[in-house]
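First chain A sits with chain B, and in the next complex the same chain sits with chain C.
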Partner chain A sequence: MESVLQSVQGFMYPNEVELQWGILIVLYPFTTGLVAGAFILASLERVFNVEAVKPTYRLALLTALAFLLVAPLPLQLHLGHPERSLEMYLTPHTESAMAMFGFVYLWYLMVVLVLEIWLDYRKDIVLMWRDSSGPTRWLYGAMALWSDNISPASLALDDRIGRALTVIGIPSAFLLHGYVGFIFGSVKANPWWSTPLMPIVFLFSAIVSGIAAVMLVYMVTAWWRERAFDMGCLDTVARYLFYAFLIDFSLEMLDLIHRIYEADESFRALDFMVHTRLYTSQVLVQILAGTIVPLGMLGLTQLVQMSEKARRRIYAMAGVLTLIGVFAMRWNVVIGGQLFSKSFLGYTSYKMNFATREGLLPAILLLILPFVILAVLIRLLPPWKVQRRGAGVSG
Partner chain B sequence: MSGWLKDKGHLARMAGLFAFGITAFLVFRWVMVPPGFGLYGHYRAGALDDARARPLQYAGRAECEGCHTDIVEARQGSRHARIGCEACHGPLIKHAQAPTEIKPTRPDGRVLCVRCHETNPWKPKGFPQVKVADHSDNGPCTACHKAHAPKIS
Partner chain C sequence: MNPDRRAFLQKTGKLLVLSASASVAWEAIVAGRPETAENYKMSDHWWGMVIDIDVCIGCGNCVRACKVENDVPREPLFFRTWVERYQVTPDDLEHPTVDSPNGGYDGFPVQDKVDEKVKHFYVPKLCNHCHQSPCVQVCPVGATFVSPDGVVLVDKTYCLGCRYCVQACPYGCRFIDPRTQTVDKCTLCYHRITKGLTTACCETCPTGARQLGDLKNPKDPIHEFLRDHHVLVLKPQMATGAKVYYNGLDGSVR
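And then the complex of A and B:
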């Protein structure tokens, strides 16, 4: 008990000393945020006809799928007994927001992402089916549902349905990530979380992180393939990142100002926490390094004429800092919300283990896994034009 | 493929795949969800019968007090007066049903008392707490305190 109490300062209720939600629960909103953000970037091209971002369209969809496949794993690891998660579908509890997430997830995965990717890639899948042999041929055949009709009329129909799916996908993406913020925002016993702004703030930070992630994935894949960067595309994506970031930053500041002005009974306790235990992760990492610096860098590229090389470097640095900042935001919400006592008279600390079920190691592996899945997806469904035997360039 | 399905064949196949998936799920659900689920609430109604069928373990205070009137008297006005008998002595329905054949074992005060009265900063200030090793020099609590009326007068 003495060792447990060493992490406590002031008065804590017994159930508050040890944190129930650790780094895996930080990872979960971060991952779903990347999904929602990547999808919204993809929808820019599809729905709003922003031609400049076309090179990132398919990459954004595949990135969203790779991260969406990994998104529930932190929860499964945290809860244990993954076999019980099926109960969520078999006996749905309609009054529980957490339980209903299973359906939001399934809808988003199957109806929005998989279907949209299938419709968009169908022509390529059929061509790859025709070109390949052996098990690969069988795989592409199965993916094409053994239908090789790629007539202009059928492809036009695919395009129309795909566009409609993207339109449905935008509110679905908002729902997917707004829901994560909603879960925190509706915990009325916790003043650090309980604000109606939480879903909106989560959503916009999700858009920011998704755009930054796709921008970085695009840069890394172009560099890996030794292809020239499409600077028109990069500039446009970076511009959207800047605008989304501005809105996100304004909303977060609005939340902060509202809390300071309202100054309810929790304010002094939370203010003390931000100035002590959360100072590094919130003030230095999230606000300074993860928001103000990348915003300044992106703003600079909008105001000052720069060489391509300088812009590329700035975009890469701003993208990485943005992702770190958004991760820090998730950390500060999830961990910060459990560091103080409901008595407002005490604070505890988060002790992160390394190679345990909820430790740092599984969190690192879960952050790497989407990139492995993305690499497989890219190999299976190349998002760029590929040379085909006898068919020339396609895609 | 001909007719109006000519350019929609692949979509029909995908729709069929979805229909198959949903049907398979519904069949799986029908097999897996136990009958009576949701009848009274978000649980299996039969669980109530299962719980009712389990043998009783606790006799209840009234049952104890029917025989042990001396203890009832000793507890009157004491700070332990409102604690249930079986909270310390354990479940005793078998003893209540056969008082002479089945005799409960006396609880070990060194284990039982410490469970509540060892110093713990999370307990309310007014609750009697001691560091047992210092307080009694590891002697038995019952050397000074009577379990049913612990105050030393």
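And then the complex of A and C:
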């Protein structure tokens, strides 16, 4: 008991000393945020016909799918009884915000992402089915649902349905991540979470992280394939990142200023927490290194003429810093919300284990896993033009 | 048919039928289902509690009794009920000094010097059995619920262990039982109150600071108590419909 109490300063309700949600629950909003953001970037090209970002369209969809497949895993690992998680589908408690997760997730995964990717790739899948042999042939056949109709009329139909799906997909992406914000924002017992701004702040930070992630994935894959960067595309994506980031930063500052100015009963406790236990992750990592610095860098590229090389470097650095900043934001929401007592009279700290079920190791593995899945997806469904055996160029 | 044989068949038949029903009845008795105890109708009751801060002496009897009666984990810090000690100086009413060593399980250490200027009192805490409970609202599978007699309970065979309810409780009344990995909380000694007994904490309180009350029973003294005292619930701004009423609750209590 003494060791547990060592981290406590002031008074906490006895049951509060143990933290309930750890790093795995930090990963959950982070990964779903990347999904929503990547999808929204993809939608720009599809719905608003932004030609410049076309090279990232398929990459963004595959990135979204890779992260979405991993998104429920940290939740599953965290549950005391993962074997009962299916009950959320079978007997959902309709008043619970969390009960809707399964349905929102399935809707997004199956109806939006998988269907949109399938429709977009259908022609390629059929062509690869025709070209391949052995188990690969069977795999592509199954993926084409054993239908090889790629007549212009059927492809036009695919395109029409795909466009309609994207239009449904944008509010769905907003729903997916706004909903994650709502899970936290609707907890009235916790003043650090309880704000109607939470869903919208989560949403915009999701868009920011998704755009940054796709930008980095595009740069890494182009570098890996030894292809020249499409600077027009990169510049456009970086510009969107800058604008989305400006909105996100404004919203976060609005939340902060509102809290400081209103200074309700929780303010003293939260202010103390931000200046002590959360100082590094909130002020230094999230706000300074993860927001102001990348915003300044991206802003600079908008104002000053720079060489391609300089811009590439700035984009890469700003992208990495942005992802770190958004991760820190998730951390500060989830962990920060549990470091103070609901009595506002005391504080505790989060001790992360390493090789335990909810430790750092599974968290790192869960962050690597989407990239492994993405690599498999890219191999299976190349997002760029590929040289086919005797079949010329397609894609 | 020979009358003896007829009588024999009838008797044997009765014995078989009766022993089968007896074995079913025995199984139900062994399983122990207090909510179906004789004469207890859930719809006739609406449970709550009054706590008189003026008479609580911080002895910790309630904490100990609860841990024994309900098999609450002893280590490190899990409580279905606990007692807090408040020390408030008149010139800083908003920032009291509060402690609750081991939840008040061992009572409170005697203070050598008593500052006459400082106000001292004890606040026993437990689940408030709110009827608009945020913990019930957030449970994704409905494993936690308000019973028809107004007690917030958990179905441990159904709880996912997602801990959302622990986050949603404004009073810190829930914890995860490390043995079952499901949530645990005060049941208002449901196994006792449905048999006409009071809770373990009320039973063992030497000063009568804690009183179980049935708000649906017009003869229950809780009505008189609520009428004659200025009572308040914890964190009324949370609007949870709490049913633990405190007499003499200081404004500094959180």
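Note that in this section the second predicted complex is superposed on the first by the 393 of 395 C-alpha atoms of A that agree within 3 Å, B and C clash if a C-alpha of one lies under 4 Å from a C-alpha of the other, contacts with A are read in each partner's own complex, and residues count from 1 in each chain.
Criterion: a residue touches a chain if its C-beta (ideal position, glycine included) is under 8 Å from a C-beta of that chain, and two chains touch if they have at least 3 such contacts.
Since we're looking at a predicted model, the values are computed, not measured.
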{"item": "Three-chain arrangement built on chain A, chain B and chain C clash or fit", "value": "clash"}
{"item": "Which of chain B and chain C A:88 touches, first, second, both or neither", "value": "second"}
{"item": "First, second, both or neither for A:147, with chain B first and chain C second", "value": "first"}
{"item": "Which of chain B and chain C A:157 touches, first, second, both or neither", "value": "first"}
{"item": "Which superposed partner A:177 touches (first chain B, second chain C, both, neither)", "value": "neither"}
{"item": "Per-residue contact with chain A, leading partner among chain C and chain B", "value": "C"}
{"item": "Touched partner set for A:277, first chain B, second chain C, both or neither", "value": "neither"}
{"item": "First, second, both or neither for A:79, with chain B first and chain C second", "value": "second"}
{"item": "Touching partner for A:14 - first (chain B), second (chain C), both, neither", "value": "both"}
{"item": "Touching partner for A:118 - first (chain B), second (chain C), both, neither", "value": "first"}
{"item": "Where chain C runs into chain B (options 26-34, 224-232 or 242-250)", "value": "26-34"}
{"item": "Chain B/chain C common contact set on chain A", "value": "1, 5, 13-14, 91, 93"}
{"item": "Contact set on chain B toward chain A in their complex", "value": "1, 6-11, 13-14, 17-18, 25, 28-29, 32-33, 37-38, 42, 120-122"}
{"item": "Residue ranges of chain A touching chain C (in the complex, touch as defined)", "value": "1, 4-5, 11-18, 20-21, 75, 78-82, 84-85, 87-88, 91-93, 95-99, 101, 183, 187-190, 337-338, 341-345"}
{"item": "Contact footprint of chain B on chain A as seen in their complex", "value": "1, 5, 13-14, 89-91, 93, 110, 115, 118, 122, 144-147, 149, 151, 153-154, 157, 161"}
{"item": "Chain C residues within the chain A interface of the complex", "value": "75-79, 82, 84, 95-100, 102-103, 125, 134, 137-142, 158-164, 166-176, 180-182, 238, 254"}
